[in-house]
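Consider the two complexes below, in which chain A is the common component and chain B and chain C are the respective partners.
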Partner chain A sequence: MSLRLAPWSYGFLVALVMWGATIAYSGVGSAIPTLSSALVFAAFSVVVGTGQMLVIASGPGNIDLSMPSVLTLAAYASMSVMAGSDAMVLPGLLLAVTVGAVAGMLNYLAITALHLPPIIATLAWSFVFQSFAFNLGGEATLKPPAALSDFTLWSIGGIRVLPMAVMGLTLLAVLVLKHGVGGRQLLAIGQSERAARLAGIPVGRVRLVAYTLCGISAGFAGFLLSGFSGGAALNMGDTYLLESIAVVVLGGTSVAGGRANAIGIWGAALFFNLMATMLNTFQMQAGIRFLLTGALIILIVAIVPRPKAG
Partner chain B sequence: MADIALQRRRRIAPALGTALQIGLPAATLIAMLAVIFWIRPSAMSYFGFGLLFKFAVPLMFAALAQMLVIMLGDIDLSIGSFVGFVTCVTALYLNEAPLLAVTILAAGIAVYAGVGLLIHVRQLPSIIVTLGMSFIWLGAAVTLMPGPGGAAPRWLVAFMSWKPPLVPLPVLIALVTAFVGHLVITRFSYGAVLRGAGANPRAVERAGWSVLTIRCGVYAAAGALACLAGLTLTGLTTSGDPNVAPAYTLLGVGAVILGGGAFTGGIVSPVGTVIGALTLALAGSLLSFLQVPPTWQIGAQGAILFLVLAGRVLFSEHRS
Partner chain C sequence: MHALFPAIGEPREGAASSVPLIATRAVAKQYGAVQALVGVDFALAPGEVVGLVGHNGAGKSTLMNVLAGTVQRSSGDFRYDGAEIGAWGAREAQAGGLRCIFQELSLCGNLTATENTRIIHANLRGFGWRRRARALISAALDNIFPGHGIDPDRKVAELAIGERQMVEIARAFTQTSIPVRGVILDEPTSALGHTPTEQLLVHIRKAVAGGIACILITHRLNEILAVSDRVTVMMDGAVVADRPAAGLTRSDLVTMMGSIEAHGGTGRASAPVANGATVIDHAGRDGADRAIRARRGEIIGFAGLDGHGQRERLRAIYAATSTVPVAYVAGDRGTEGVFPLWSIADNLTIRSLKALQRGGFVVPQAARALAEQWAARLKVKAPDVDTPILSLSGGNQQKVLFARALASDAQVVLLDDPMRGVDVGTKQEVYTLLRAEADKGRSFVWYTTEMDELANCDRLYVFREGRAVEEIPGAQIDHARILEASFGGAQTGASDG
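On to the complex of A and B.
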């Protein structure tokens, strides 16, 4: 066994280094608070990233660029329904998830019905969803219900619940991808659509499910995020456009499709958030943070060994 | 006999294909113009054309840059932030220290070539490398200039508001660029090699060309075109802003696809891309003329994108 690490472990490694650097700078006492806040922020990236992973794994060229606008739209829709009332949290969640599911289906419908490349189809839909969010968001800022905010900040015995719940989702994704029929079918389609079709896999239906789940994860993230950050905002999804793709690829999922890694997303998401924390404690400017983010993305992608393309 | 028949089919089929590829966005563009002129006949003038297409110029260059990359079967997610970086460099240095500005821009083009090199040598997915580059350009721009500021050199602003005889400047630039692009990419024999490098790199390699050199050169050319986009944009807005153009990345992709390009590599049309960029730029004006509320405009732009592309599918299905 040589010193080659699995591709997905690089994110965790870099995250660990950054955590170490932050602790070294601001003392051992900061170790746990730093990690726990990074875990919470990473949880949102992971929810979005897991959805994006399903789409990317379903074959070359598949990608969902509408996630940020679906996230924002779902956040606004659920905020409007809940109107700050604790009793309406469940309907709000249902609405957010429904908005996401419909958006995902619309994305896939445009891809198949119009024979559009996924980049273009999801881009065009993202404009439409964004418009809907603008029109819903025209009103005064809505406050999230106290119950939802409390849930996103809830911790039992010093351990934050939200990241734990999202880890549960990751575990579920791992199991489904590894042992579930749907997961296996998804990866088979990603590896060779033709072979999968010949093997009798309903390619269209599996992709439809992947896009729908991706939309749902965007809607769910929007719901949680608006509770966490005290309301919906028109630009709340913007950072997730590039980040959702970056965490998926750094996490070891192949952009060519057919290989997915749900656990790796955590590594990449932690890397992003711990780096932000580290640079904040070093009081670096935002520009440096972007530079370092970009350089590390390229570096990791360039040095990580990949299995030989067939 | 068979040879002749084959030759004829070869000559007719691509001609029909290109006519459809470019005809549809062109028809859309003309239809949009017709609606605008119908609502506001006074727009049908030298001045009106200049105003309508003013902001299409930088988008057009950004779209052509994207087209070159898509031609190789890659995609560039960093064009928008690179254009933002160029506007910052232009507004900060081009006036006071022109040599420094030119050096930085040349270095930017060299970095683009380097990105092409890295993608080729390590066989990396361009989408993720250029994603990383977009953070790098944004970071560099924000470090130079945290917010909007600086001043465009007077000659640049003067050039962008120059009124050439007969044809308004944006239209003139569009015509010249489309013509040059058509010559280089579609007509010249070397253009066929470039497109071949995207469609079938192995064949081009076998024929004795270095795909590595081609990829570096094409990426550098894309960088140079993106520089032009940044320069013309600075001339229009008269200042630099790191966050001025993130939309150019994806609007550029949209223009390339509208203009008949495909992500498979090798299939692009410079004339179509220019028309696609003009269409996307005009869509905004059209919607204001139609008095679509601002909050719905971006959504309507998405709808226009769908309409034009749906038309293409309809026609190409009839053809086959």
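On to the complex of A and C.
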């Protein structure tokens, strides 16, 4: 049937519907600003989601619950180093990425060396990271350098640069998963660890890279987000715990591993952010908003046709 | 092992009364296209011990499962205690007093021996059942295995494997309301030590004297000869010999198991490459375990009964080989071979990504060319290499796995019983291809459970109880020699009769 859509396209469709609903409610003039801001917010979800996707695709049970605290810790560390100075933006970025990479490696180390289930290992580390962040900054918000804030808000000819840059990242992820040696190996491990091992794939090394890249994406997101939202705050990562997982799964990546979809993450992230915008425009109470969010997620997961194994 | 059972040599006058406990006629069992049993006639009289022997896959366990009611026969007549039986399930077998000790232990690991005893005795109910069950199993253990030292209130999972086996055996001989009429013992001694084994054999003769019938399956032929009244030999799903045990020797048994089928193994046409470089030299774990050596261009076979350490050794060689590229062809396609979400091409090239990449990215044209070339060489039946692997038949999936190994740079290819469930035509194609690849200088180590395939090897190692116990050079590969080594007959065979 030619009308049958790929599972990952549903996120885009629903996002489109919500965009339409918002325009209908608040007028045609709101169309471009709504989309533009949704793209920017979605970009952060996509950065985090892409990292999470690599981990989830690496096999059943693999997940990184420490992303929010890694994001926060990286933001605090880089803000502290930069201390508001434009000259320090590059060292700040390097530090954020390094913090993320180390956190990712620690996660995987706990999983392999201590034989912990990923869900426990990453949750445990997330408490550690969170308390580091607290020690670094406490309750105070650390301000970003002006140059970083400017970058996150930068637009050329009315087009925001940040989402475009993140789209480039998505394309890279698509390419690596489809043709990269590492990408092929990751998806092979995700499908069958035993078969992968016997096909000569260094399973441990590939997973280590996946977790490390996931940590890096959290660190990178923390760096950008603190520039965008005016500084590092202790609760800045909170929304990304469930969102990072939800956008991956709604985007067409299989929780059972072995199937990843980087483009689908955009659809799901846009859906999440446009829905928030729409419900805000409708001026609904927080309780109702949460209720509708949950109901919509369930609805979409239910109507999306599941790809058969094979 | 030979002079073990002096007390139990004589009492062989078949206590057989008029009505056999079990009698089957032309019982057959099919699993899809596979004929596990092809018309078995089998009888067991009260007070009789029948020793059942045969190579792996001969159908022994299938027959026992049919008798025990855990597998339904496809056709044939079955009489129990003289009565014609239609549907026969585990419950009916239990009610008829037929007990089984299976190869895979049937105890619940999270329960104690006492509680496990309760499971098969429905009338141990009400207040104090635990005490009565404990008394029952303790008595049985003390009776069969004096000095066993097993605490009936420990969880079965915490017991050693031998102790678990003893509990399993003792439980089968416990009796409450239903008298025990017959006991099937499927490899009861493989996990038992020396003393418990002797105790069990003594107990079997004692139980039989009391009118219980027993079927004993074991690969240890001494035990068969020590307790059986009659020996039944199975091969390829049928009974091929049935003789009184008196006067039989171990070598008679080996001959009965092996000599019936005539084989025309293909053998190798050319002389073995005598002086190629050694590519594998894998030391054994102790003095009795031979080092596995393979030269360039050699096909080495791993023989012996299934599950005697061949696969473990293959894995150990895979893990230890680092000097030459090595590939592994798994026999368990589903869990160790295919990547189910992928196409033929993706599955075929995964082992060769390093050779196909430039700057970390796989060159699509190169990958496709390699996949098409090898899919064609192995005659994989599919419209094109983009076909999902799961849409292929089992044999064709296996061909893709062969192609994955052969298309790679591997100099050594390890084959883990890969021909299981593959049709004859495919097998012949693959044999030819293996020989051609070996002639080009590749080495193969081939574990197979199918006797006939061993004829394709240049040299064999025969495994027994986790060790490579014997090496058979190509010229001497024959069925009887392999069987003899598998059963440990070589050293003691003659002295037993």
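Some notes on this structure:
FYI, the second predicted complex is superposed on the first by the 305 of 310 C-alpha atoms of A that agree within 3 Å, B and C clash if a C-alpha of one lies under 4 Å from a C-alpha of the other, contacts with A are read in each partner's own complex, and residues count from 1 in each chain.
One rule holds for everything that comes next: contacts are C-beta pairs under 8 Å (C-beta built on N, C-alpha and C of every residue); 3 or more make two chains touch, one makes a residue touch a chain.
The shown structure was predicted, so the numbers you read here are calculated from the model rather than taken from an experiment.
With both structures placed on the common chain, the touch criterion links A:179 to chain C but leaves chain B unconnected.
The wider contact with chain A, measured as residues touched, comes from B rather than the other of chain B and chain C.
By the touch criterion defined above, A:214 reaches neither chain B nor chain C. In the superposition on chain A, A:285 makes contact with chain B only, not with chain C.
Look at A:258: by the touch rule set out above, it reaches chain C but stays clear of chain B.
Of the two partner chains, neither chain B nor chain C is touched by A:15. In the superposition on chain A, A:93 makes contact with neither chain B nor chain C.
In the superposition on chain A, contact of A:128 is made with chain B only, not with chain C. Contacts of chain A with chain B, set against its contacts with chain C after fitting on chain A, overlap at residues 309. Of all the residues in chain A, the ones that touch chain C in their complex are 175-176, 179-182, 184-185, 187-188, 191-192, 194-196, 198-201, 258-259, 309-310.
Taken in their complex, chain A has these residues touching chain B: 61, 63, 65, 110, 114-117, 119-120, 123-132, 134-135, 138, 242, 245-246, 249, 255-256, 285-298, 301-302, 309. Contacts from chain B toward chain A in the complex involve residues 75, 77, 118, 122-125, 127-129, 131-144, 146, 250, 253-254, 257, 262-263, 295-303, 305-306, 309-310, 313. Against chain A, the residues of chain C that register as touching in their complex are 318, 326-328, 330, 335-342, 346, 350-351, 353-354, 357, 360-362, 364, 388-391, 404, 408.
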